[in-house]
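Paired with chain B in one complex and with chain C in the other, chain A is shared by the two complexes that follow.
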Partner chain A sequence: MKRTEITRVQELIYELKIGEVMTKRVITVTPDTSMAEFREVLRINRISGTPVVENGRMVGIISLEDLIKALSEGDIESPVSDRMTRDVCTVSTHESAIEVVKILSQRGVGRLPVVNEHDNLVGIITQGDITHGLLKAIEVDYHAEEISRYRASHIFEDIVSDRTSLLLRYEVCPGDFNRGGEASSKIKRALTRLGADPQITRRVAIATYEAEMNIIIHTDSGGEIVAEIQPDQVSVRAVDHGPGIADVEQAMQPGFSLAPEWIREMGFGAGVGLNNVQKCADEMNLESTLGAGTRLQFTIYLQPGGEGRKGGQNETS
Partner chain B sequence: MKLNEIISIVEGTLITANADLDMDVSSAFGADLMSDVLTHARSGALLLTGLTNPQVVRTAEMAEIAAIVFVRGKHPPPETVALAEEKGIPLISARYTMFEMCGRLFAAGMESCDVSP
Partner chain C sequence: MKLRDAVSSLNLGVASASDSLDQEITGGYASDLLSCVMARAQAGNVWVTLQSHPNIVAVASLLNLAGIIVTEGTRLEEATIEKANEEHIPVLTTSLTTFTVVSRLAAMGIQGVE
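Up next is the complex of A and B:
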């Protein structure tokens, strides 16, 4: 556990881009700002240095150290331009955290101005920003992924019964094209959290999505999608209450479709959805009564090869 | 091929925020029929399409499409952009036609998703 966390931090310092962790609200002074005014800027903003900007261009950088020198020399009324460092090292927003940590320590400076590809000042970076960014990234990673996945994937071991299953139910509204896919998306996420094989999860998601879109496109009163997750398989039922399919065999013909034109314009309704479900599923059953409703049920085994825990690599459609 | 290389080959603009420009995309698939994408596109593929409705992003989510390029300079509606940002799928818009876009990427060495029956 400890070892993997260290690896993640190591990855992050290479992955984390300065643009993501820098302070974007940059406080600046102009060359003619006096050192006395500069002292006030530092005090009010609780910072230890600022870039010096003239007509939108950065011309130098001035720090607390420069201020202390000015104070000791009794030269507090001189302009910032007399005391600033003119040769300023900048970093780009695409630079990785590790590079910037190196530059900071090599140059012995506390902050570096960050510029974009047009050389405009877009932020400022300090060691503190990087530490803060790393901690936040680790926290997000850790909370979002590790904890939820760890807890979820143990559910079938923690809760014991002769046959444990997790039942997820989703209402699907007719004609709600824009929200279509929400049920499938949630089922997909649940399986990912439960630690299912990614390629098998993808098959479940695709088949469920086709079933969900069918309810949205073809029914007048909507329906329900129920996914029953067991340790070894997922069974999905997509049930609606009409209008039903007149000829199930015909509906299974590739290219047969009753979808309206507007649905076709959206990239759906080409008459291959049910075939696609069949391709993704290990078992599929479609029952329909005209005027009563349709019930599509399919099962996908979670362990490649079916019942057993061991099995060969699963092939995707 | 890295996502930022793809963007420069198609002379596109990135629409979504926080995209990983170093992301590696192995293959591409061009279609306006989402069921074809669901059936034939590979995991991790780039999708080129002329459709901009939110279901394009949903389809990409289910089929594990890495990123989407909209052809002929089409710009997706806000709900499509919002869903793509939520799902972490980068959206790119570029002015070329589907034909030219595919040609540019293919010529640059982008692999096709093989379509077996």
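Up next is the complex of A and C:
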């Protein structure tokens, strides 16, 4: 683990471009600025050096070190132009961070002015900027790779049984629209961590969402969603205890909705929820008894292009 | 095209996840019916809708949508913004109508996914 992280930092230091990590707000002084004034510029801005610019053109660079020399020589009123370094090494925005690290250590300087392709001063870069940029890039990387780092896809190989499965149970409360989609989100995340194919994960998420919302919209006592993940398939059971569907066949018709008006105004109850489940699932079974409850069960195969008969969920209905 | 480009071009308000505007937009989808969105919208799509309740975030998160544009100046519920920040889903607001937003996005080259 540690080894790969080091490699990633090494990669990043080549990938990171100066333009991305440099400080863009550059504080400058003019050649006729006195060293005393320069000291104030450093103090106020909490910096340790600035480029010296005359009529938009950079003519030198002046640092804290130059100031200390001026102080020790009692020459604090001299202009910056007397003490600045005139032979300034610059870097361009598209060079990589590693170039700057090299130049900084070779020249023993703390900062380098950054110029664009027209040689205009566009920024300044220090070791600190690079460190900061690297840390930020690693953080972004970390977020992006978080899921894959925590992938648990080996769980089915590590734990051996004749038939291993992972059982995820979620309580679904009636009328709780604010938490609508929580169970499906968690199941989706679990599948992603297990390394399931994104398109198949999407189908599981859509079908589970519809089942979850049906319990939230239509039941008075809520229900339960149970996802059983096996190496080759996911089976989801959504079970509630009422009120039940009078005519299951009718409920399966696209556009048929039992949702009350206020729920439809929220955009639910379009009457295509069960059709969505059917389109996403490889197997589906809906049983309901009026007054007793509903049991929706569906299975989605996890191997892309394998047993599954559903290529995608975009076929028109 | 990035979500950020749509935000600046249509002058959209950014109500949540302002750190997640650099995603590429893969296409667009417009509907106020959540099940239709679930069935049709694709990962990376921008979704244009009038709905503003927290469940739109659940839908966008489940589908990995790039963001949601809530039209006609619909007031967002506090819970929607909170959830959207948690899930890193940019919710963008505008006083324009859905039709206008879609036509402008189309003019920028964002297409529907069939």
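Here is the rule we use: the second predicted complex is superposed on the first by the 160 of 317 C-alpha atoms of A that agree within 3 Å, B and C clash if a C-alpha of one lies under 4 Å from a C-alpha of the other, contacts with A are read in each partner's own complex, and residues count from 1 in each chain.
The rule is short, and it goes like this: a residue touches a chain if its C-beta (ideal position, glycine included) is under 8 Å from a C-beta of that chain, and two chains touch if they have at least 3 such contacts.
Small disclaimer: the values here were computed from a predicted structure and weren't measured.
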item: Combined model on chain A: chain C and chain B, fit or clash; value: clash
item: Contacts of A:Gly181 with chain B and chain C, given as first, second, both or neither; value: both
item: First (chain B), second (chain C), both or neither touched by A:Ser165; value: neither
item: Chain B versus chain C as contact partner of A:Val272, first or second or both or neither; value: both
item: Doubly contacted chain A residues - partners chain C and chain B; value: 177-178, 180-181, 184-185, 188, 198, 202, 205-206, 209-210, 213, 266-268, 270, 272-273, 276, 279
item: Contact footprint of chain B on chain A as seen in their complex; value: 20, 177-178, 180-181, 184-185, 188, 198-199, 202, 205-206, 209-210, 213, 266-268, 270, 272-273, 276, 279, 316-317
item: Chain A-facing residues of chain B, complex; value: 18, 31-36, 38-39, 43, 49, 51, 53-56, 58-59, 61-64, 79, 87
item: Parts of chain C lying in touch with chain A, wherever the complex brings them together; value: 32-36, 38-40, 43, 49, 51, 53-56, 58-59, 61-64, 79, 83, 113-114
item: Complex interface listing, chain A residues touching chain C; value: 177-178, 180-182, 184-185, 188, 198, 202, 205-206, 209-210, 213, 266-268, 270-273, 275-276, 279, 313-314
